[in-house]
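Should a chain be cited, it is by its letter among A, B and C, assigned in written order, with residues numbered from 1 in that chain.
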Amino acid sequence: MTEPIVAMGRRQWPLPRQADPDAPLLVVDELRTHFRLESGSVKAVDGVSFTLNYGEALGIAGESGCGKTTTALSLVRLLPANATVVGGSIRLMGIDLVPKSEAALRRYRWREISMVFQGAMNALNPVRRIRDQIAEPIEHRLGQSPAAARKRAGELLELVGIPRKRGAAYPHELSGGMRQRAMIAMALACDPAIVIGDEPTTALDVMVQAQILELLEDLRHKLGLSLILITHDLSVIAETCDRVMIMYAGRVAEEGPVHEVFRRPRHPYTQKLLAAFPNIAADRRALEVIPGAPPDLRNPPPGCRFAPRCAAAMAICTDVVPPELTFEGVRVACHLYRADGDGLPVEAPTLATVGVAVDSTAEGAA
Amino acid sequence: MGGRYLARRGAQALLTIFAIILLNFVLFRMMPGSPERVLLRNPYLTQAKIEQVRAEWGLDKPLIPDQLVAYTTSTLTGDLGYSLKFRGIPVTDVIGQRFWPTILLIGLAEAIAIVVGLAIGAYAGWRRGGRGDRIGSGISLVLYSMPYFVIGMPLIIIFAAGFGWFPTSGMLTVGATYPSIVERLVDFGRHLALPLATVSLGLIGAYSILMRSSIIETRSEDYVTTARAKGLTDGRVLRAHAFPNALLPMVTIIAINLGYVVAGAITAEVVFNWPGLGTLTVDALSARDYPVLEGVFLLLSITVVIANLAADLVYGLLDPRVRT
Amino acid sequence: MSASVPAAPSAAHLRAERWRLRARSIRAFGRRYVRRTDGVVGLAILVLFAIVAIVPQLFVGPLETATTATGRSLEAPSGTHLFGTDELGRDLLNLTLHGARISMAIGLLATFITIVVGAIIGIVAGYLGGWADTVLMRFTDFFLVLPTFVLAIILAPIILDLIGPEAQLFGIRATLLVIVIVIGVTSWATTARIIRSQTLSIRERMFVDRARVIGGGSAHIMRRHILPNVVNLIVANTVLTFAGAVFTETTLSFIGLGDPFQPSWGQVLNAAQSSGAPGLGAWWYIAPPAACVVLVILAFTLVGNALDDILNPKSAPRR
């Protein structure tokens, strides 16, 4: 585990003027992002909070549509035209990014927070050479000369394992793995504090996936990067991340150190997610599926959003939003855990205490 | 750029040109009775005279391969026959003096329209839904629905007949003498203004609408998101990332569109009595001057094919993906 | 659960079911269509012109000719002549409304030929594939490159000779029939291309293979399976083709291929040009037919785009 102070010491460029050197790297508090559709407002991210420390790798996991990508895009406000951050705060080194204007926010893009997108097939401009695309932010955001920028681009390519000469290639001339490496090199161009990877290995085959993950780990320790890794693949998070945050339907279900959450999942959703992975060492059994589908976020259910699909749902779950409680470093939002409790779930519900919601799961289970 | 790509496109172009020559041949030699009707309009000819003329013109030989070969070789050596309307003058001469006014008109109009139309379309599509977009797209849509002469006639009424700023027809003032070349150019410019405006407006209407769609599609591509994530200014994202990619389908469209531009330019020339291939075609049509019509068709077709080839080469320059 | 297999539904039952499904999808389509203001406006304009085109005499009486002209030469618009008169003294309102009938009728027939030819070539090429496809597509591409307008000009006198100057069809005289044929012969290429690519993608789908296994012959498959799935594409394309047909007819008439006895809008504009109207500032001679042409083409384009967006949705960007 890299020490935060060492990581900050490796930084080459000065901190933003407004930065507070004592504040944690990133503190997101009650972030809310809504999409405006013809048919209503989709509450894609509805009260997400987390902290990222210097040198840490945070994994954000969840089903498709749970809001993990939207959360990441909200950090740098890369949202489509019909989406807005409607509430909460995003404090980068103490600076709140939410109230900033588009022009003021631009300063932080790529220079403090950069991104590696999924499926670099289309994330790279097909008509420009790789080295030009890497050099572009160095030239335009850091004000370096084109020659210096190109030189630095070459260094970055070597760093990610691409021979410098290949920089003259166009994206379509590279394999998927090399394109992803190029994207990583590009993300590092301005020496950012945080790199966000949005499903960076999903489109790749397993061998290449392993190489890319290894590369990310290597860079993280060498450069003291902080990572946010977004993926639905829990094994990737298990390999690379320090902390994991499980999201469901726009909210945080559980969050904590990786080994703790994976060893002792508390939230029923996390348990189901982990159980859905076939265990190569265990006996063969039928794959467990979670019955039902994620809720329509135009009209999310009141109370806990997982309640309609939760086998342990109680009456209170459909009415009251579960508060986030922390036990042994793990944050969880579930009524099975009481604030005054000891971190163990309350008694399993009896039929008498079970609410309406359980009927649908009973149907599916039978 | 791959020499193979060039060679392939060049070969295709040549093949198309041969197909055009063949089409010409089919139209005028194989259509029932046409050679006789075309060449011998005199109803008082005796049968013997007809036979004699047929032998002279080689019409008694079999169509394929003799007539076809004769036709092709004479075409390729620049012999396109003689005009019926202007007796005795070779078709190449008749067409020759009308060629460059049309090329000038179309060439300048395309240049203007490409610069203006693509720029308007790009900005309209980038700021989709804004006031500028709605107004611009509305105007472009109306222009797109107007045949060129429908654009030209009101221009004459308003600016030539109405305000008197421009002459109503022709390329130069009839019977005028010019003390210097500058005066001549100025007069030429005044005559060129309205026809040029007409064809340009028609093209701008089409290009801005099509470019707008292209930019809108490009805007949702992943690499544009990447560019925005890099913190580049909106203008740079548009210019360096969206525009070069949105331009690619436009190159193809501009090339395909050439056939229609030719049609439009013909009607524009008629409206302004511009002495180009357009007015020549219409006059030849009413005089049933087939050799001239044939010659114009050949010339325009070959020009379009060559322009398409040029467009393909430009596309290869702009898009590295096709060069392999 | 009982184990008996329900009896196969009767043919009549199946047909009724099919019509019920069709009715439902038509209603859904209607609901989506009215949401598009541009499509609704376009449709309204077209309906208006259609009414005028079918019975112009209801509004202005029979077509005025040189002998039945009611006004003086080149009068500006006034109380008696709302749109003024032409050089022969004919009322422009009369000419414009009757011109609607000619222009739309020619457009309709020409569109029909274009779509039929384009669809046949497109479906056959797409379905058969192989050398048939290559040959047909080379042919189609050739037509796409050609300046078809000039080709139309050349073909016109030839076809006029072929059908003879006295020919008539549905009351349309030879000169205009020539325009119909000429437009049909030169405009089918775009339609053929579009339909061919759709046919290609349909051919790959499983149900065509199933039909072949059952024993359907090529023609049967093309008609019963491919055609219904291509119809959506054809409908949107037809409307846009109609716009193009009116455009081309107007242009061809303008340069002199029209019929002075059955004047379309293009023919009226041709007469305007010949009589020097623009130079004389006789705007009333030009404005009505020109405005009608633009309105009709614009309306077709709006409707065609609306139909295309609804019937052939392109995949929306994810996220």
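Here, a residue touches a chain if its C-beta (ideal position, glycine included) is under 8 Å from a C-beta of that chain, and two chains touch if they have at least 3 such contacts.
All of these numbers come straight from a predicted model, not from anything done at the bench.
Farthest from subunit B in terms of Cα centroid separation is A.
Comparing the chain pairs B-C and A-B, the larger number of C-beta pairs in contact belongs to B-C.
Averaging Cα coordinates per chain places subunit A and subunit C 53 Å apart.
Rounded to a whole number, the gap between the C-alpha centres of subunit B and subunit C is 24 angstrom. If each chain is reduced to the centroid of its CA atoms, subunit A and subunit B end up 55 Å from each other. By the touch rule above, subunit A contacts subunit B in their complex via residues 76, 78, 106-111, 114-115, 117, 119, 122-128, 136-137, 140-141, 170, 172.
Note for the complex: subunit B touches subunit C at residues 16, 19-20, 27, 31-34, 37, 141-142, 144-147, 149-150, 153-154, 156-157, 160-162, 168-169, 220, 256, 258-260, 262-264, 266-267, 270-271, 281-282, 285-286, 288, 293-294, 296-297, 300-301, 304-305, 308. Interface of subunit C with subunit B (complex): residues 142, 144-151, 153-158, 161-162, 243, 247, 250-251, 254-257, 269, 272-273, 277-281, 283, 286-287, 290, 293-294, 297-298, 301-302, 317. Note for the complex: subunit B touches subunit A at residues 221-223, 225-233, 236, 240-241, 244-245, 248, 318-321.
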